[in-house]
Structure formats: C-alpha cells, structure tokens
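Data block below; observations after.
The chains carry the letters A, B, C, D, E and F, assigned in the order they are written, with residues numbered from 1 in each.
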Amino acid sequence: MITTEQIDRWLREDIGHHDVTNQVPGETIGRLVAKEPGVAAGIDAARAVFDYLNVDVREPIGDGTAIEPGDELLSVEGAAREVLRGERVAVNLAGHASGIATRTRRVVEEARTESADVRIAATRKTTPGLRGLEKRAVVAGGGDSHRLDLSHMVMVKDNHIAEMGLEGAISHFQERTSFATKIDVEVETVGDAPRAGAAGADIILLDNMTPAETREAVDRLHEAGHDDVLAEASGGITIETVADYAATGVDIISMGSLTHSAPSLDLSFRTGV
Amino acid sequence: MITTEQIDRWLREDIGHHDVTNQVPGETIGRLVAKEPGVAAGIDAARAVFDYLNVDVREPIGDGTAIEPGDELLSVEGAAREVLRGERVAVNLAGHASGIATRTRRVVEEARTESADVRIAATRKTTPGLRGLEKRAVVAGGGDSHRLDLSHMVMVKDNHIAEMGLEGAISHFQERTSFATKIDVEVETVGDAPRAGAAGADIILLDNMTPAETREAVDRLHEAGHDDVLAEASGGITIETVADYAATGVDIISMGSLTHSAPSLDLSFRTGV
Amino acid sequence: MITTEQIDRWLREDIGHHDVTNQVPGETIGRLVAKEPGVAAGIDAARAVFDYLNVDVREPIGDGTAIEPGDELLSVEGAAREVLRGERVAVNLAGHASGIATRTRRVVEEARTESADVRIAATRKTTPGLRGLEKRAVVAGGGDSHRLDLSHMVMVKDNHIAEMGLEGAISHFQERTSFATKIDVEVETVGDAPRAGAAGADIILLDNMTPAETREAVDRLHEAGHDDVLAEASGGITIETVADYAATGVDIISMGSLTHSAPSLDLSFRTGV
Amino acid sequence: MITTEQIDRWLREDIGHHDVTNQVPGETIGRLVAKEPGVAAGIDAARAVFDYLNVDVREPIGDGTAIEPGDELLSVEGAAREVLRGERVAVNLAGHASGIATRTRRVVEEARTESADVRIAATRKTTPGLRGLEKRAVVAGGGDSHRLDLSHMVMVKDNHIAEMGLEGAISHFQERTSFATKIDVEVETVGDAPRAGAAGADIILLDNMTPAETREAVDRLHEAGHDDVLAEASGGITIETVADYAATGVDIISMGSLTHSAPSLDLSFRTGV
Amino acid sequence: MITTEQIDRWLREDIGHHDVTNQVPGETIGRLVAKEPGVAAGIDAARAVFDYLNVDVREPIGDGTAIEPGDELLSVEGAAREVLRGERVAVNLAGHASGIATRTRRVVEEARTESADVRIAATRKTTPGLRGLEKRAVVAGGGDSHRLDLSHMVMVKDNHIAEMGLEGAISHFQERTSFATKIDVEVETVGDAPRAGAAGADIILLDNMTPAETREAVDRLHEAGHDDVLAEASGGITIETVADYAATGVDIISMGSLTHSAPSLDLSFRTGV
Amino acid sequence: MITTEQIDRWLREDIGHHDVTNQVPGETIGRLVAKEPGVAAGIDAARAVFDYLNVDVREPIGDGTAIEPGDELLSVEGAAREVLRGERVAVNLAGHASGIATRTRRVVEEARTESADVRIAATRKTTPGLRGLEKRAVVAGGGDSHRLDLSHMVMVKDNHIAEMGLEGAISHFQERTSFATKIDVEVETVGDAPRAGAAGADIILLDNMTPAETREAVDRLHEAGHDDVLAEASGGITIETVADYAATGVDIISMGSLTHSAPSLDLSFRTGV
C-alpha cells in the first residue's frame, strides 16, 4: 500500500518551495495514456497521488493488464492546479512500475518456451523506498515476488555455511526460525544440493551454475527423493539465457534485473479536453 | 544530501520485523566492488547507510570516477551484524546511481563525436524518492541536472501557450517569477523559436523536432540575434540519435531515459577477509 | 531494529516542550535493574535510546537471559541531563518487552509438561507501533514469532472459504502466492483438516476447538498421511489450558495474550553512584 | 488526537509489502463487537484508522461506555479491501485502550468502597508511542491522567532533594517553573510531608509508604494547616491494596499498572452481513 | 529538545537536491558571533544542527547570557562541507530564538520599573513547528512559558462561559481535569474576577481590561480573600503599556508579541581562521 | 504546498496528549478576521489545517489581497471540536505569513518612491520549517522570493573568491552548474562589479555598500556594457534606507528582515454565530 507519508515526500520533492507554473484556475481533466505496448502496474500508486490531491480518479485499469499505444490507464478530473501538481509523480510511478511488469512478462514468455510452470522471481535488488511497488509490479507481470524483506524468508548464505558447515547452518536457522518462515539454502556445487535437501531446506538456490550444472543438481535432488524441495537458479541469468535455465527443470529462476534494470514504460499524461 | 529519515526508511523496508540471519557476533570488513566497467555515483549515499549503522567507512572513491571490474568503491569495518544489515541497501543505492552515471557518460561520449560542448541533461522523469540521488548521478556522469524541481526553473508549456499565446505566456511568467529563476519556453514549430527569444525566454525547448528542424530552429535563433538564448532539444532522443541532435548546434539535449531507464551497474559487496 | 524515527517520537512524547527537572549539570551513571524475576527482552531498544542521546551503554545482557531481582540489565554513563531524559522511555520499553518474554517463557514451560517440542506462538494482536519489539520479545521468551505481517504468510480464513470453498480458496491463493510464502488454512471442523492437507496447506489452523477435537484433527491428519503438514491450535487458549492442547500432538499453539495481555516486568532505573 | 503519521505507520507495520489475502472486490460491512464485559476506550483511534482508509464509520459509542458481550462499539461500511486492511489495527487499538479503561474502572470501584473522591491516577509508565491513547483510556475508565509528560508538571524527586535539600529543591524549581505548572514533591518520610507543604508544594507524593504511614502523613499535613495541598500515594499499590490506601484520606493514588499491565479487552471484528 | 527529524527537515529545506557551492574539501572552523547586543537563546538548537553533521561544537554559551557585539555564541570545527551546510540553519535558529529572548528581557526590564515580581509570559501564539524553541527562548529572556499546549493547563474561555455560565463552566472542567492541571479562567468584567476565584479558578485572566480595570479586579480579588489565586492581564499589552499593567498588582502579564513579533537578533557566522 | 506531515506536526505540537477544553459537541462556524490593516498571505496554509480536520472552508481570499480591520480572510463550518482544534494553528500561520506580506508591501511602496521597477527580495534568512510559506508570503506582498534554497541559484561568496580569485571562482562554478541555474556573484568593491560581469555573472550582489558606492557600481556595470547583468544591493538595508538604494538604479534590493523580523499581523478567529 502507498502511504500518505510517501506521497507527501514525493510531491514535496517534485514541487519545491514556490512553483508558479501550476497556479492555474479552474477545473481540468487528464488522461494517463500508453505510448508503447506493455503491461500496466503501479496504477494504485498513481491513483493514490491524485486521491491525496482531492482529484477524482476514474476507470483505472487493473495491474497486469496488457496495454497498447493509445490505451488509457486512468483518467482524472479536478482542480487544474492539483491535477498539474500530481501529474509528474503519477507518471513516474506508473511508468517505472509498468516498465518492471513489462520486462517481467517478456522474461516469463521467454521462459515459457521451455517450461510451463517455472516461476520467474525478483530479488531484494530493488530501488530503495519502492520495494513494495516494485515487487507488486513483478507480480503484475506474471512473476513471483520472492522474499519481500530479510524477515520474510531465511536465506542461508555462503558466509553462514563457511562458518557452521552446510548441515550446521541449516540446523542453526531451523532452531531460530518461525514455523511460518521458509528456509532457502544457497549451494555452489551440484553435490551440495541433495545434502541441503536432506538437511531440511525448503528451497535450494543453485548459485551461479551453468544450465548443465543446474540440470544435474535438479536431477540429483529428484534422485535423492526430495521432490518437495524447490530448486531455484540464480546468478547472472539474462533474458537471453533464461530459456536455457527454464529447460533444466528448475522450479524458480530469480533475476535482479527485473527490478533494477527494467527501462520505464513510456506513458504520457494529457490534460484538457 | 541523504537524510537520517531516508536511511531509517530504507533499512526498515529491507529488514522487516525480525531478521534472524544477520544475528552474527563479532566484527567484519566488507568491500563494495565493481563487477563491470562504468562510472561511480551514489557513494555518499552508500556511505551514509554505514555511518548510520556506526560502521567505519574507508577510502570511498569520488562520484564520477571511472571504474573497472574488481575496483573497490569503498570498504567498511564494523560489527558484523550492522555491516550485513546495511549491505543490500548500500549496494542498491550505489548500483542504481552508478548505472545512471554510466549511461550518462556513454550518451555524453556519443554526443561528443559531433559537438564539443553540447550539454546532456536529465529531466523530471526520476524515481520518486530519489530525485537528488539521480540528479547528482547524472552530473557525476558528465551530464547536466536540468531543473531540480518545479520551483527551480519555469517551463512555459503548450497548455500555457494555448491559453495565453506565446508572448502572453512568457510575459505572464516574467511578472510572476523571481529574478533568480530562468524561463524555458517549449515551442513546437521552428518559427516559434525566434518569437520566444524575442519575448524574453532564457532557454527555448525545441520539442519533438527532427534533427533537421532542430538545426533550422537554431539557425533562426542566431539569425534573429538571440545568441544569448540557449536552445534545448527534447523528445524521444535516444543514444542512437543523440549525435544527430548534437550536430545541430543545439546547446542542450535533454533525455528522460538517463534516469528512468538506465540499468543498474553490477556491483557486489564482499564480506570477510 | 529500532529506528531513529521511533526514538525521536518516543522521547518527544515523554519530554514535551520545556522540561525543567532534567536540567542537571555534570555526568552520572545509571543502572537498569530487575525488581522481580523474569526473562529479559527489549535490551536493544533500551540501548538504542541511550545511543541516540550519546550516553555510553555498558554490559547489556542478551535478550532471553533469565533475571532475578537485583540483576542489572545494562548500565550507562554520560551527561546527567541526557541520562535522565532517556530513563523513562528505556524502562518502559524494556519492562514491556521483558513482560512479554517472561509471560511467554511461563507458557512454554507449562506446555513442556505435556510436549517436548510444541511451539508457543504469538499472533498479529500486538500493540500498534511495537510489532517488531513484541515479536522479538516472544522469541526471547522461547516462543515463535508466527507471521510478522500480512505479507509474511497467507492465512486462508473463514470468509475466503465461505466465498470460494475450502479447496477453491487454497487453490486461489496458491496461484497468487510466492514460493517464499507458506499457506496456513483455518478450519473449523475436524473433517476439514485432512481436506485442507490434501489441498496443499502448509499449516492447518484448528480454530476454537476443544482439546479433544484438536487431538482428533491431528490424528486425522496423520491418518491421511499429511505428516509434513503442521497443525496449529488457536482460539481462547490460556496458560491454564495450554498443557491440555500441548498434549494433543499439535505442532503450534498460538495465543494473542502473549503480546496483548502480558503485564510489564518490574524494572527500575537507578542513577548516581 | 490520532495523527495521519501514526496511522500510516501502524498500517504499514501490519500489512507489509505485498498482501494477497485482502485483494477482495466489492463492498462489505463490519462490526466491532465486545466478547467480554468492560469499558470502551480508543474508539476515536479505531475510527481514525477507518477514516484514513475512506471507510464509513457509523454509530461509534463514546469512550467510557460500559459494554457487555455482544455490544457493538462501532460499525463500518466500505470497500472490502480497505475494511480488511484496517480491521486488525483497529481491534488492537480499541482492545488495548478498552483494557486499560476496564482495569481503571475496577480499581476505581475498589477504591470507592473506602473513599468517595480519591482519584486513581496513571503514571508515565505508558507504552512508547501510545502515551495519549493510554492516558485518555485511563480517563475513560474514571481515572485521572496525572502528568502527561515531563513538561506538564514538575516532580521534585529524591535525587533533586539529595542534592539541594527539600526546601532548597522546591525553591529551585519554583523559580524555574511557569505559573501554569504545578509542583509535586516526592517525600519518603512522614515528617517531610508538612515540610514540603510549608515550602510550597502543590502536591506531595508519599512514596512507598504503608497505609498507616500514609494516613499519618495525611494527618500531619492537615494538622499543619495545609488543606489546600494534595496528598498522593504511590509505589507498589495493587488492586488488592488500593482500598487500604483509599481509606487513608489521601487525595490521589497513582498506579503504573493501569497502563503497563492491563490485559487487552477481548473484542472481535465481524465482517459480512 | 531538538529531534533528528527536525534537523533532517530543516537542512533538506535549505539545501535542496543538488548544491554545488558547498562542495569544499578540507576542514574549517566557524564562529557564531553577535552583531548587536541582546540575550542568547537557541544555542542548543544551533548546536544540534552541527552535531547532526558530525561537526565539533566548542564553548557554547548558556541560554539567557547577555551578549554584546563581537561576542561569540559558539564555535565549531569540522569538514568544511558540513560546516557550510549547517551554517544558515544554525544562524536562523539562534537569531530567531535570541530575538525572542532579547525582546522578552526588554519587556521584563520595563515591567520591573513598576513591579519586582510580575511575570511576563508568552502565549500559544508561536510559530508552528517551533513551539518548544520559542517557549524556552522566552524563559531564557526572563519570561514565563505560560501553558505549553492545550493539554498543559485548562483555559476556560468566553465560549465555555456563554454556554455553561461562569460557575458552571469552572465546575465542568474541574470534574474533567487532572489534579496535575491548573485552571485559568478568562473574565471580561471586574465583577467576574471574585466570582471565578470563589468558584475555584487557579488563575484569573483579566482580558482586554484597562490598567484601571485591572487594578480594580486585583483589588476585588484580594478583598474577597482570594490571595492564593493568581491574576493575569492579557490583550493588546505592548512594551509601551506593560509598566502600567505591572503597576496594577497583577501577577502575570501575557503577551503574544514576545513570540510572534520579536525581530531576529543579528548574528553572523564567520568561517576560516 | 503544505503537506499532511506538516499539519500533523503542528496540530500535535499545539494540542498535546489530552485536551479537555475542546471536547465540545455539535457544529459551529468560525471566521478568520483582520484586526489591523495589511496584506493577506498564508491563506492556503490556514485552509489546509481545516481541510485536514474535515472542516469546510468557505470564501478564502487570495494571497496578496489588501485587508482592513474587520475583513474576513476565510470562514469555516464543521464539528465544533475540530474547528477549535485547528483555530490556533491556522491563526498563527496566517498571522505570521500576513505579517511578512504586509511588511514586504510597505518596503516595496517605500522603494517605489524612487524606482518604478526595483525588486524587493527576501533571503535565506527564514524560519526553519517555514521556508516555502515565508517565500510565498513575500511574493504575496509584491516582493521577490530570491533563491529558494542552496540548489536554486549559485551564490559565489567571499570565501570562494578568496580561494580561487574572482574570475577563477566564477569559471569554477560555471563548469559545475546546470544551464538551468543562474550565478550571483558577491562583490565588495565597486571595481569588482564590471569584472564579475565580464566573467559571466548573471547577477552581481553589491554587498554592504553605501548608496553612493552602489550607484557607482551600477554605473560602472552599464559603462562596461553589461546591461543584461542584474545588480543586487544587500547588507543592512532597512525600510528607512531602502529608497536611497532604490534611487541608485540597482535592479534588486534583498533584505533578510522581510522574513526574519516582520511582526505578525493581528488576526482573530471568531466562533459561533
């Protein structure tokens, strides 16, 4: 959810102490329109900006809707001064989120060429201040949010394993973790995958492996009977290589680029009749 | 500048209510390292995160420094728990800002093939909450911040001109604007450029023109003797076309993509000896 | 973690606009001391208050430590004015959190009389503004945090089931939930427990059942082969009845009273030598 | 009063970055209902949460109203998604405040068995972040808020007296205190009570005395003619001993347990028709 | 006290998104120096700004110190960039507060020509956001803070009296007010003063009366034996008329102009050796 | 613009934790009325306070309107409790801003006796937290906002010139400053004015010069052909001397006293019919 505090901050950041160009009398209407094809996201955030300014919002489309050039994402009606004040922040939010949703959908479609059900997931590599907006945009594009913050899921990392050993680290965190929280264990060799499964991992992150290594790790997991353990591939996977990873039988492919490197979707805001 | 309020918010967003994986005793060191070549930015922001956590920061490089894979952007030493808490936010900030600086430098270099002094400027299409970080990153990359907020410079836009006429709108804002503030007038036809210059514009934004139209508008401005008026090109200009615009003699080329579509620069944070 | 924003707010709330009684010159020491036996928690929060005021904190004990009357939880040294300013907020935080940890440990001990491994878990019935502090206090007392917020784990509730049916609701959320997130399904009859297990629940919440019903539901789950599904009892369970529920074989017993009704632990702050 | 900043924080704390269970279309109604008898408080706070979410609030009862199981404290109507988002925070606030009001009323009733007009007062031992809510809940239960913050009333404490002497400390603060502010002087012996009265105390806090000592101090005050000086008993007084203190003729009995140890009142929120 | 949140806000407000003039390397010293005679106040606030920026503060003088042109209020040493960033905010705070303290001292001195002990008090007419700073500045100048906020002291106003009658209104608030809180009753006729005293007012505000009327009201209070009730004059009193009011025997003279109309004291900040 | 965060803070500051005097049932109307002649400003801020409290605001006059005693600045209608809560903050804001606008208009009128077009400008000497309100009030009074923050316009100061030389400093900042930003150069001798003009200053600040020196500097600038460079006088200019400076031909006269020393305009808020 978008809070009043966030909108306060975003508007203040964009307007400054004394803006003269928006001192426009009267009422106006405005429309948020796509200039290129993609997937809509961040509509709730754009809407919240106008709600804050007491501008009426009409017919917002749902996050995840496929859009074509000329399509309207929402329209507004209200005091011209307030519409103009909100316009830039609303476009920046929706453009940023829709860019992430659009990129996610393309990656998902690419992965679908090799796997009907692999999940394409984001990471914690999000823009500071916009974690929620970006994670929801990934979901809007057909992706998986992955863990939302450090408290959501335990990731057992190489530094934990270096200190306590693989089984030791898993056991350490099982004792300290709520039943509500899953444990994802990062492994760097094919042989560690079934060991992590045996030790109680819910998910096994196959880090920086080639597709061939990934496939072997997945196979080793199945051979060891850990069918209920999820396998996740991560590390340097791009839209060019995602299908190769999808073909390995892995359950999840996580990619930081979904959130940190998606170009904004080109949207424009048109005021007046 | 990065405020305590921002760091509060960013850390809280990433950590959540109960993180067990960072409950690590003892001290550690950490290094922020480049994994691909680019231009550093956001170093002050990364540093501020660690300062907040009472972690010592050493040898931060300056914003704008060219970096190669393996180069260190800063190193830290402090309580392991605090280093681990700050790591992700610091990397996300520096990676995001360095991505913008890197993209900006590439665009500037491309423009330099045709013009020794054209300025490559950002716009207000920045990520909500990160206006300052992103504008400073553009400057780190050799670009120009353009106006920082609505109050910094007056932009006379098509809707103002539709209502008051070109000269009327300029005159309207000259009366309402501080002597400290410049006036940038958006024109859509070549013929309007010298009119705006005559009416007192400090800068004339040539909106959505082809390179040929842009060149003609620049020439018309010079012919009319407005050598002290700056000409700015904007609208759909990409790294592929920026040199064509640079060749027109325009003073400024502004591009939203510097901030809203630059991929993050790949950085990693390495802890332990 | 405790943020600067929280400490700002708490101190401002307690001090007001013009406090004359703390205008004391010189340095002082202070000690946070237990007046009754219990379990320490909230020490990090108390410490953060004094850190904010630039008062040195020494020898803080760890959360979860058993304490007896006269035991010291932490000591401080610094400007008398700052020590006095922080004292009340620090005591209120540590007393509140330690009260929760103490209550939790008593409930856990009671449950241990019948079960060696049942988890005693908190709920979302926490004091607004103190979710993290209270959840960490439950853990300090030997309890389980349960889900930290609505986004941490999906709870399929009666209203969802009323609308979509038991299997329908589970399937609905499986499609919309990250692989990182568990699904806990609330059932109100013994017969629904194995149905929920078959439909893919990670945890089954047996709501407002008697111990006998709870035991039957647990047995039915085992009979149906859902040994990997956790059973959770909840609803009106008190320290008087917790052992009866522990004896049913349930995996988790969740009780709102751990956080919303634990009396504060009696602590005092002693200044001067 | 409850501020937007507080509600922002409380909702964000409970919802997290991506909640899927409340994505419910349509409108709903909801009712906040008592499950046990008590005294209502915190209704304004619960209402403010729903106001923030643009949910209509109807027929809120007044703070201080006696309630029985099944009684409705308020009802709401609005978008199901927003009702569900606000529900837990609203219940937690009203349950917490009503628990304090209920506890206060019981203590007041107990004291009334021995005194028609003794005031039962809270202290500064409140939950950080909720000072106002809790003080108002004490008043709703028939108690007295006592001082609201350090600036509201001067408390002359043992450390002041140790440094400046009883009369010296009182004189010191009379010179530094506004005419708008009362002075409450903590004494530890019966003989100090009339001395403090003579020195100008508005209230005399009889700290950690037995009922017999308290009665003697009150008598000594009257004998010395200080009928306009209020006598306050404090320190370890419980609901079991409050009547004994009430019988001493003291004007005020202050108890930290009203706020820091009152169990929450059991309330439930019922949605749908 | 000055909070981190306030300093965050004040610095952000003054610096904006990208300041190039303070990008100065190296260390510097700075001195806050008086350019005109007056009374120092706000030193803690100025100091807190530099503390926030990790600049060392030395030899701050105490609030209430009389200063002459050339006197140093504090000196600093630290990174030049941080010193320059804090300079303007620190000067604005100290100049504003010292202006209030200086104005207050002048008014107090004027009143002292006719009364040895009348208190010169501020009102709630303070600058939004700076209530505490301004009240403390009044005290630094030898004045009285008066009530700090609506909750600090009850003011029974004309609208209450119109509705409930004089005695009714006093009785109404006595029942609803903590023992910790004084009651100040606003009267508009001389005859109402003894009535208010008889009804239990702690202070009687003689509103908009001439000095002669004020004297008569004071006399009537004494005649009626209400020597323990304080008399306060308010309404349109200026430095020109304050001595006339002081001569009436009134206990308190309150003046909004102390805070809302005091000119800033002229201070300068000098950097470099 | 006034943000929700500001209003939250201002109301909380004035109300405190438990205000009993505003617990008034029913509806009321209220009117904000001038008690002395002046110029209105801060009306938007006063209005925002009542909007926040869900009180209807009617017929607000525009900032900059000349007002006479008895004139109404705005009227409100709503719940009596909310009207009373907002009253003091609204009056304080509008009184403060209107005082600045009124002072500005008087200074402007004084300057008009000698110059038809000199601009009377504020400085950065504003009240921390109220930069925007005060700058907009100066504009409402017919003045010029001058630079809004450090990022709005570059001021080349004596310390820069001492380090880099006059031309060196100007050149240094031209390279580091956006095309959107003007450069104002502070000079201390008449001879430096044309040098600064030749080096590219947009504005030349003639610091602490007499009117005669100022006139000579202006003449020297014109003689050197720098007709497009603005001349600004600053330093110790008062309403008594402003006309002398206006007569020098300078373009701008900047005065800190417009914002830091303007007395509040006397306004009252009248409730009830």
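Throughout what follows, a residue touches a chain if its C-beta (ideal position, glycine included) is under 8 Å from a C-beta of that chain, and two chains touch if they have at least 3 such contacts.
In this text the structure is predicted, and so the values were computed from the model without any measurement.
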Chain located farthest away, centre of chain A as origin (C-alpha): E
From chain F, the most remote chain by mean C-alpha position: C
Of C-E and C-D, whichever chain pair has more C-beta contact pairs: C-D
Distance from chain B to chain A - Cα centre to Cα centre, in angstrom: 23
Distance between chain centroids, defined by C-alpha means - chain B, chain C (Å): 44
Euclidean distance of C-alpha centroids - chain A vs chain C, Å: 30
Per-residue overlap in chain C, given as positions that touch at least 2 other chains: 4-5, 9, 13, 15-18, 131-132, 139, 145, 148-149, 151-152, 176
Complex contact set, residues of chain D against chain E: 119, 121, 139, 144-148, 151-153, 176, 178-182, 184, 203, 228, 230, 232, 251-252
Contact footprint of chain E on chain C as seen in their complex: 4-5, 8-9, 11-12, 15-18, 52, 85
Chain C contact footprint on chain D (complex, rising order): 6, 9-10, 13-23, 88-89, 91-93, 95-96, 99, 124-132, 148-152, 154-157, 159-160, 162, 173, 176-178, 256-257, 260-261, 263-264, 271-272
Parts of chain E lying in touch with chain C, wherever the complex brings them together: 1, 3-5, 131-132, 135-136, 139, 145, 148-149, 152
